[in-house]
């Protein structure tokens, strides 16, 4: 009797150990898989970014892209779609595209254009809300008899890299409540804020993160990493 | 002497705007007989777009795009187009700038010939106005002394 | 239906006028150059946008409405840039920002 | 609708006169530039309202677009000049 119980117990113990071993092996496998995958993806991404900074599209591609954009603009402006006016439009677009084909796409970074456009469109409603808030803030300040302002100048360093994202950030700062961008020098933003509170709000860096998210910069790589690691954590939790 | 601005915001915004402004100016020139525009207004906008580029990107960038000689040529050609169309009408037996006479050369009916003639005249006026605006702005901003003149003078001084 | 559209455009234009008014009052009342730029830079952008939106709604779906929206997009990019350009010129020129407790300029 | 447009235009004209105070008395050239740029944006809307009053919107829209453009370029040019003058 006792022997059979002992044998059963030993069997159970072995089975549990076996299961634990299998689970541990699976866990280690996924972990190595994921890390190697992450590293590979990260290397590829860094390579793409480094290459994108140096690589410029050929002049002809830029010319064609500029021409198409200008032609669409012309058609919307003119509103006459007969042959004569369209051919005028083609000639004018060719002239302008020849004069300034390297202006519109001066430093394009690598990245999915459609995704950037999508994210930019999703950024606009948030910006609109901020602008409306900003206007009510200004209206309150202008109409209140005592005018509770305490202006100060703050500076902060940005982690953004390309000029277009700097411009987006600077113009967003100018349009949001209580702050205007005065100067950018060496990634150092100089901001004029109406009081201490808005300056502190800006220092949290929410807007910078949003802009970085749009143009897939700086923290984008880190976010990707965090997402990968979270998968490993989930696996670990399931295993326990 | 205008050098390139070190302000990244104005530079980028100007870079994005300038092609569209130029196309808009050409639209105003070409649609002179439908809308309030015309050669003069379009030329002014074209000149203003070049001025914006000169302010933000500096002298060298603009000169690479549109050298002084080409601007002078455009101005003269504009006057030539204007006077040429007028004189052609005169030679064909009408008044100066009597566009309907052009129908003989262009083989179209007088109404269409008139609109084509107006288009040509506006083109000439636009080019001339643009060239003159641009060179006035250019001369004021450089003080009449161009960098190549300075280089030549320095060379002469070092030689003699 | 037509009444609703008209009412919507009137509400938009009235909102635009209100923000124009607050921007103007801010321009007159604020103590120094930089704080005045806060009023014009923000106020005029939204006010112009609201007015143009009202016109576009009044116009209905047409090429003119599209052109009006072009102006709106242009102003959205141009107004903050112009504000930034003037304020930068001011600070490079040596203008001192007003601090609390000073006399207004 | 027409009466409303005229009333809005008159209100904007009044605001332009208020801003004119800053242009005339504003201390220093920078206040003047900021105020004149504000007048430019108001004029843009007044031009469109004129277009609606005269029923020629498709014509006045081009004018107001040019006005917006020249206002922007003039503002940038003035800023650049004052920056260089230092």
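Per-chain residue numbering starts at 1, and chain names A, B, C and D are given in the order in which the chains are listed.
To be clear about the criterion, a residue touches a chain if its C-beta (ideal position, glycine included) is under 8 Å from a C-beta of that chain, and two chains touch if they have at least 3 such contacts.
What you see is a predicted model, and the numbers here were worked out from it, not measured in a lab.
The chain occupying the central position, as judged from C-alpha centroids, is C.
Each of B-D and B-C has its own count of C-beta contacts, and the greater count is at B-D. Note: centroid distance chain A to chain C, computed from Cα atoms, is 28 Å.
Taking each chain's centre as the mean of its C-alpha atoms, chain B lies 33 Å from chain C. Look at where the CA atoms of chain A average out and do the same for chain D: the two points lie 36 Å apart.
Counting only residues that touch two or more partner chains, chain D has 58, 65, 69, 76, 80.
Residue positions 23, 37, 47, 67, 70, 74, 77-78, 81, 84-85, 88, 92 of chain C each touch two or more of the other chains. Residue positions of chain B touching 2 or more other chains: 7, 9-10, 13, 16, 24. The touch graph of these protein chains has some other shape, matching none of line, ring, star or complete. Each chain pair that touches appears in this list: A-B, A-C, B-C, B-D, C-D. Within the complex formed with chain A, the chain C residues making contact are 18-19, 22-23, 25-26, 29-32, 34-35, 37-39, 41-43, 45-47, 63, 66-67, 70, 77, 80-81, 83-84, 87-88, 91-92, 97-100.
Chain contact summary for the complex, chain C toward chain D: residues 6, 10, 13, 16-17, 20-21, 23-24, 27-28, 33, 36-37, 40, 44, 47-48, 51-52, 55, 58-59, 64, 67-68, 70-71, 74-75, 78-79, 81-82, 85-86, 88-90, 92-95, 105. The residues of chain D lying in touch with chain C in their complex are 1, 4, 8, 11-12, 15, 18-19, 21-22, 27-28, 30-31, 33-35, 37-38, 41-42, 44-45, 48, 52, 57-58, 61, 64-65, 68-69, 72, 75-76, 78-80, 82-83, 85-86.
In the complex of the two chains, the chain A residues touching chain C come out as 76-77, 79, 131-132, 134-135, 138-139, 141-143, 147, 149-153, 170-171, 174-175, 177-178, 180-183, 190, 192, 194. Chain contact summary for the complex, chain D toward chain B: residues 58-60, 62-63, 65-66, 69-70, 73, 76-77, 80, 84.
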